[in-house]
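Consider the two complexes below, in which subunit A is the common component and subunit B and subunit C are the respective partners.
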Partner chain A sequence: MWIKVIGALMIIFAGISLGFIAAFRFNERPRQIRQLQSCLTSLKTYINYTVMPLPEALAASCEGINGPVRDFFSCSANMLAQNPMITPQQAFVQSILQLKGQLLLEQPELDLLTTLGANLGKVNCEEQEKYLDMVSQQLANIEIEAVQTRDENVKMCRYLGICGGLLIVIVLV
Partner chain B sequence: MGIDLLFKIAGVGILISVFHIALKQAGKEDMAHLCTLAGFTVVLYWVVQLLGRLFSTVQDVFKLF
Partner chain C sequence: MQIYWQETIFPILPSHIIGLLQKLSLNILNQLSEIRIRVNQPLLLVLRNNDYAVTDNRGQNYICDISDVDKVLQLITKNSLYTLEQELKGGFITIPGGHRVGLAGQAIVAGGKVKTLKNFSSVNIRIAREVQGCADSIVPYVIATSQRICNSLIISPPRCGKTTILRDLARQLSTGIPKFKFTGVQVGIVDERSEIAACNRGVPTVNVGQRTDVLDGCPKAEGMLMLVRSMSPQLIITDEIGRQEDVTAVQEALNAGVNVIASAHAATVEELLYRPFVRELVENKLFDRYVLLQDYPCPGTVTKVIEVKTNKLLFCLKTGVRVCG
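And then the complex of A and B:
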């Protein structure tokens, strides 16, 4: 009897956890996009006004924020600093691959970052500024879409997790 | 059989209705209908098993074979 009760509680707890983890992923994506926007704005400043080299600019642009986006920028900066032969695009792609589980960005944002990497450090400051402006604009559009998706899905995931756990318990008992 | 099955069916009904509402509010109406259908299938499976027992009991009572 007690084993059944404990098993049922464990199944319900697992269902609730799954629901909340799925909801967290929907919650986290707009936050990471916002962090990315703020880092890109800082990066634009460091490129245009301070005229810093790219590895230093990348490392400096993520100061003040926490989490996987900071890790992404510092990882790219480290790669570029340690290996001068690597292009910014390769550094971005490798950082994305390294932080695959933590960086909860989806394909459109990742594609934007990859193309941004292809254009960084190759043209003059003004062109880079224009390109960073364009990327920020596109990120703002993606953020609006991500917020809509979050509003639709967060509650649903929580309800489905809790009810799914209860349903499994009822069917198994 | 007991009254357990009735409570189980009621519980599944309540949870499936919550599923349906949550999915419908998220704009996934097709998934909501699919979910309702899955719940209905599970409940029908239980009921069909009971009906089978009922029919075999009737056969036994009237010595139909």
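And then the complex of A and C:
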């Protein structure tokens, strides 16, 4: 009897955990997009006002934030500083690959980052600013959409987890 | 043996070109004054007296392609073209070590002025040398008293060692020269092209003396006035005067009681008279000394030193005149 109860509790707990993990992913995406936006805004300042070279500007722009987005920027900055032969785009693509499980971004924002990489460092400050503004604008749009998806899905995932766990228990009992 | 410029030049060259250069004899590398990379042309090294085309493993001339030029540019700008906006307008970039990288390509013009360059086709890397003691032969003519210096204009065509001599003059005049009982003066260098002091992040990477302040990357005219106001130098050293505002600033500095040593492009003093603004300086006899240089037998050879006020020849390489300064 007790073994059944413990087993049932474990199944319910697993269901809840799965639900919460799925919900965390939906929660995390808009947060990382916001962090990206703030990094890109600082990057714009470092490029435009202090005219820092790209490796230093990228490293400086992620100061003050934590987590995978910071790792993405510092990783790209390191790559560019250590091997000046690679282009910013290659550095971005490699960093995205390295941080795969942690960077909870989806294809639209990842594509945006890759094209940003292709356009960094090739034009003058003024054009650079325009481009970064455009990217920030697009990120803002993506964020709105990500927040909507989050609102729709977070609660559903949690309920689904709990209910799924209960369902399995009921079926098995 | 390590060639002194390897440390600063190799980081801006693609690896296969470094490989080719490393195979060359020390004699060639020691004489190197320019590396010229032109699209679809051989990789050319300009030595002291002749040019040398670099050969590849098969013994044929190595022909540069567009990717070589792009790679050099990528390495110099560290993937950040925007940091060099101003420099690109001028057509050259100064890299750590004070080496000047000249660029040619397609100019983009907006409103009658060059906005930037694109589609680069040629790169010329000019190796800067720090030759301590190269101004020894000029120093006696430049020093007036133990604290005063003659206003001097160093005149020569390009590639005769003007900048190298200015750098050594700055070092000697600011440190002091015991031999002439010269105690050293406060020197201000306006280094518009970061060539004299070869500054890296504002700090000189070559020895320019212990009493020297460097205004790096600052336009000459504005810089000279800024230095007079802020650092109260006794001597201002600057390179390649030519524009109207430069000439005005030199006049201002001289009238403020500051000595000036500058350089100008010309082969003779008479040639300077044909140049629109520098002409004023010559006509008004604002300088005390003209120092003329030539590149034969080696860059930095002094041909004449002229006392301007009396038009007396203080030193002449040809006739062997040598009046102690």
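Miscellaneous remarks
In this section, the second predicted complex is superposed on the first by the 173 of 173 C-alpha atoms of A that agree within 3 Å, B and C clash if a C-alpha of one lies under 4 Å from a C-alpha of the other, contacts with A are read in each partner's own complex, and residues count from 1 in each chain.
Here, contacts are C-beta pairs under 8 Å (C-beta built on N, C-alpha and C of every residue); 3 or more make two chains touch, one makes a residue touch a chain.
These numbers were taken from a predicted model, which means no experiment stands behind them.
Applying the stated clash criterion after superposition on subunit A shows that subunit B and subunit C can sit side by side. By the touch criterion defined above, A:I47 lies against subunit C but remains apart from subunit B after alignment on the C-alpha atoms of chain A. For the combined arrangement built by superposing the two complexes, subunit A sits at the apex of an angle of 170 degrees to subunit B and subunit C, based on C-alpha centres and given in steps of 10.
In the superposed model, A:M10 lies in contact with neither subunit B nor subunit C.
After overlaying the two complexes on the shared chain, residue contacts for A:P88 are found with subunit C alone; subunit B is out of touch. By the touch criterion stated above, A:C163 is placed in contact with subunit B alone, subunit C being left untouched.
In the superposition on chain A, A:L120 makes contact with subunit C only, while subunit B stays out of contact range. A count of residues in subunit A touched by subunit B and by subunit C gives the higher number to C. Touch criterion met: A:L80 reaches subunit C, while subunit B stays clear of it.
Once chain A of one complex is fitted onto chain A of the other, the partner contacts of A:L172 are absent, as it touches neither subunit B nor subunit C.
By the touch criterion defined above, A:Q128 reaches subunit C but does not reach subunit B. Overlay on chain A (Cα): least separation between subunit B and subunit C is 46 Å. On subunit A, the patch touched by subunit B and the patch touched by subunit C do not overlap at any residue. Residues 11, 14-15, 71, 74-75, 77-83, 85, 116 of subunit C touch subunit A in their complex.
Looking at the complex, you find that subunit A touches subunit C at residues 47, 51-55, 57, 80, 84-85, 87-88, 120-125, 128. Subunit A meets subunit B in the complex at residues 152-153, 155-156, 159-160, 163, 166-167, 170-171, 173. Residues of subunit B touching subunit A in their complex: 8, 11-12, 15-16, 18-19, 22-23, 25-28, 42.
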